[in-house]
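We just call them A, B, C and D in the order they show up, numbering each chain from 1.
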Amino acid sequence: MNKIKKIDEVMELIKDGQTIMFGGFLGVGTAETIVDAIVKKGVKDLTIICNDTAFVDKGVGKLVANRQVKRAIVSHIGTNPETGRQMNCGEMEVELVPQGTLVERIRAYGAGLGGVLTPTGIGTVVEEGKTVLEIDGKKYILEKPLRADIAILKGSRVDKKGNIWYSKTTRNFNPIMAMAADIVIVEAEKLVEVGEIEPENVVTPHILVDYIVEGGER
Amino acid sequence: MNKIKKIDEVMELIKDGQTIMFGGFLGVGTAETIVDAIVKKGVKDLTIICNDTAFVDKGVGKLVANRQVKRAIVSHIGTNPETGRQMNCGEMEVELVPQGTLVERIRAYGAGLGGVLTPTGIGTVVEEGKTVLEIDGKKYILEKPLRADIAILKGSRVDKKGNIWYSKTTRNFNPIMAMAADIVIVEAEKLVEVGEIEPENVVTPHILVDYIVEGGER
Amino acid sequence: MIDKERVREVIAKRVAKEFKDGDVVNLGIGLPTEVANYIDKDVEVILQSENGFIGLGPAPEEGKEDKDLVNAGAKFVTIKEGGACFDSAMSFAIIRGGHVDATVLGALQVDEEGNLANWMIPGKMVPGMGGAMDLVVGAKRVIIAMEHTAKGAPKILKKCTLPLTAAKEVNLIVTEMGVIEVTEKGLVLKEIAPDTTVEEVLRATEANLIISPELKVMEV
Amino acid sequence: MIDKERVREVIAKRVAKEFKDGDVVNLGIGLPTEVANYIDKDVEVILQSENGFIGLGPAPEEGKEDKDLVNAGAKFVTIKEGGACFDSAMSFAIIRGGHVDATVLGALQVDEEGNLANWMIPGKMVPGMGGAMDLVVGAKRVIIAMEHTAKGAPKILKKCTLPLTAAKEVNLIVTEMGVIEVTEKGLVLKEIAPDTTVEEVLRATEANLIISPELKVMEV
């Protein structure tokens, strides 16, 4: 099984209307080479799931700026004025989710759980329209799992089987999203030989990764 | 803050009737030096939370054999005939929990979640007496979080601040239990200098660890 | 009547044919573990061990055991190049989340609805379910590898009488007598062992069996 | 009237005194970030950064930035020796699970019940809550570091009018005018800035304030 593909090969998998998860926190840990290719391909009506919409010229923000996003499920949009503008004039839908809830909803899908019971958001607009359970005297919101058609990860070191190691703060949502999508594509900053990452230091095991694209340092 | 203690110093924390979590899977990844010291101290009526009750002469099985355990919350007791015997004659209570549910209940407490919604056990005795929720057409058991007074971990390499790295299959329940107890004690197989474990390869961050005991290889 | 060892070999060999290149598989303790010995060399199957790793390899040579590296039965094993270790939360996220393609387990009883009982005999054997309940619920395919009968008594029943491990999760049953698929319509006998008659299989089975119109001889 | 910069310094300095050796603290963007500059050198405070690490250090020298190492505001930072990196699920498990001793955040409004509004102004500013809601619910102590008023209008109210970040989670409010504790009985003014009168504080506060019988002068 050779998972290593050219960027054009994996672009065939990306289609209008898909739900795509992107790792990254304000663009750090986002697969920029793949994002650029999606911008170039110009697919429309995407639902993106990401921590935030980054910046107009960085990370998934570029997809927003290029008007390819129909809906964003994120915790923060403040750094990308284009998201706010499109949201306010009804061009784009935004579902704001507390960051800890967002990552846990993704984890719930990936881990086969029915949802998340979190105290975060109790007494706020976040609880509106949701089931609230009282468990041993404390209230929790039942938050539903989140899945995607595609998850796009950025790995600092990726071995040729697909095992991933993340440098510093590039890890963020990447390993969790690796569990929650039908197809998982990783952009490798550095492609290394199998065995170069010690088994204990692998963060995302290769069985979760379908395709590898070389991205280089950027 | 010096977290490094002599075994006698940490033994002062262990008392009759406590709930104690022990990392380890059939004894692999269990802090044997600390277990031996608890056997020697002879505290009684413990509730232990562990993957299993290991063997009569290995891991937490020694505590069972020495009749220090009032109640065990575990997924498996088959390798320790003493557990079965004490359970059958009413000397000890055993709550059997599916392994994935057990670890997720511990994680739920440590992560501040209200419980776990799992499909595991639906249609079996495991669901008896529990709340079952139907979410988007599928049934899930609501399983409650598990906490402990003390968590006892085994770390393969532990730095002097308390950062832990686990070798091979010794990891198992250890990192999850590190989040779910009031006091966390780690037995270090090898104590290393701060900085020897790369920040990315730390599995249990030092902020979760209260005390370190040197254990050596065994 | 073939001897015990040959029975286990027949079952393990047949189960091994169920996998395709790249499959992630969890093998239970006992007979299922032996399946690994018969996987075609051209098929790369990645074994998951629920105590916390993928890339489970064979037992080490004597004297080369690593005290930190065991399988879910606490036996010394090896890890293949490219393997990865993780904690139990991740291990069961992988299992329950559907990232394991198949699990192979033994059974005390299986029934027409695909219900499975393999974890306890009340008042007699209560070892605990370990990871079995999660594996059966979470794996994409559940394959039961077992002897067709226990001391002559059928194990494939109309309805399980022992406490269940999981309801309606079994996909395939492989015994020394044949291969049975669990379908919406019931149990379908798809393959039959050489030198065995359909009548013999029916006699050894309490459940209703639908005989596949394309019934084949099991390769053993 | 002291100038803006001095106001921020006064607040950050006073908040810095709240920590004891070994505390794990998460500092919000903006003024709270400045608190790090005033922590006593004998007190080791471990800073958590919700984008995924502990051991947050100061900004790197120019030219020594690591593109992979930023804080939750995407600013280049450093990691102290003994720091550790993790994913966002672990980061928020640490936060929501009560493993962070204190979080310091700014506020648009705080009220008598300890309710906090700091994430949106409907129709005007909707940046999203980011990690704030989890931090406020999960941290053992929630410290609000903010200017006492906004363009002369009180920010400490009887009842928040903006959408809440969390209900009843605030423990302490530090402003340039004083230090206010949220208690069961209401808001207690515990410290007052030098050269400030109780009357001035009351006038700048909409909420009822209980004046502590041990009212002290704030060290700034």
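Everything below uses one rule, namely that contacts are C-beta pairs under 8 Å (C-beta built on N, C-alpha and C of every residue); 3 or more make two chains touch, one makes a residue touch a chain.
Labels paired with UniProt names: A, B = Butyryl-CoA:acetoacetate CoA-transferase alpha subunit; C, D = Butyryl-CoA:acetoacetate CoA-transferase beta subunit.
None of these values were measured; they are calculated from a predicted model.
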Smallest count of steps, each to a touching chain, taking subunit A to subunit B: 1
Pair exhibiting more inter-chain C-beta contacts, B-D or A-D: A-D
Centroid-based (C-alpha) most distant chain relative to subunit D: C
Between subunit A and subunit C, centroid-to-centroid distance (C-alpha), Å: 35
Centroid distance [mean C-alpha coordinates] between subunit C and subunit B, Å: 29
Subunit C residues counted as touching two or more neighbouring chains: 53, 79, 85-86, 92, 95-96, 137-138
Per-residue multi-chain contacts in subunit B, two or more chains: 104, 107, 111-113, 118-119, 166-168, 171, 199-200, 203
Touch-based graph of the chains, sorted into line, ring, star, complete or other: other
Every chain pair meeting the contact rule: A-B, A-C, A-D, B-C, B-D
For the subunit A and subunit C complex, residues of the former touching the latter: 1, 107, 109-113, 159, 161, 163, 179, 194-195, 199-200, 202, 205-208
Parts of subunit C lying in touch with subunit B, wherever the complex brings them together: 49-53, 66-70, 72-74, 79, 85-89, 91-92, 95-96, 115, 126-134, 137-138, 163-168
Subunit C contact footprint on subunit B (complex, rising order): 25-29, 51-52, 74-79, 84, 87, 94, 96, 98-101, 103-104, 107, 118-126, 156, 166-176, 203
Interfacial residue positions of subunit D with respect to subunit B in the complex: 21-22, 24, 44, 46, 48, 53-55, 79, 81-86, 92-99, 137-138
Complex contact set, residues of subunit A against subunit B: 104, 108, 111-119, 133, 135-136, 138, 140, 142, 144, 165-168, 171, 199-201, 203
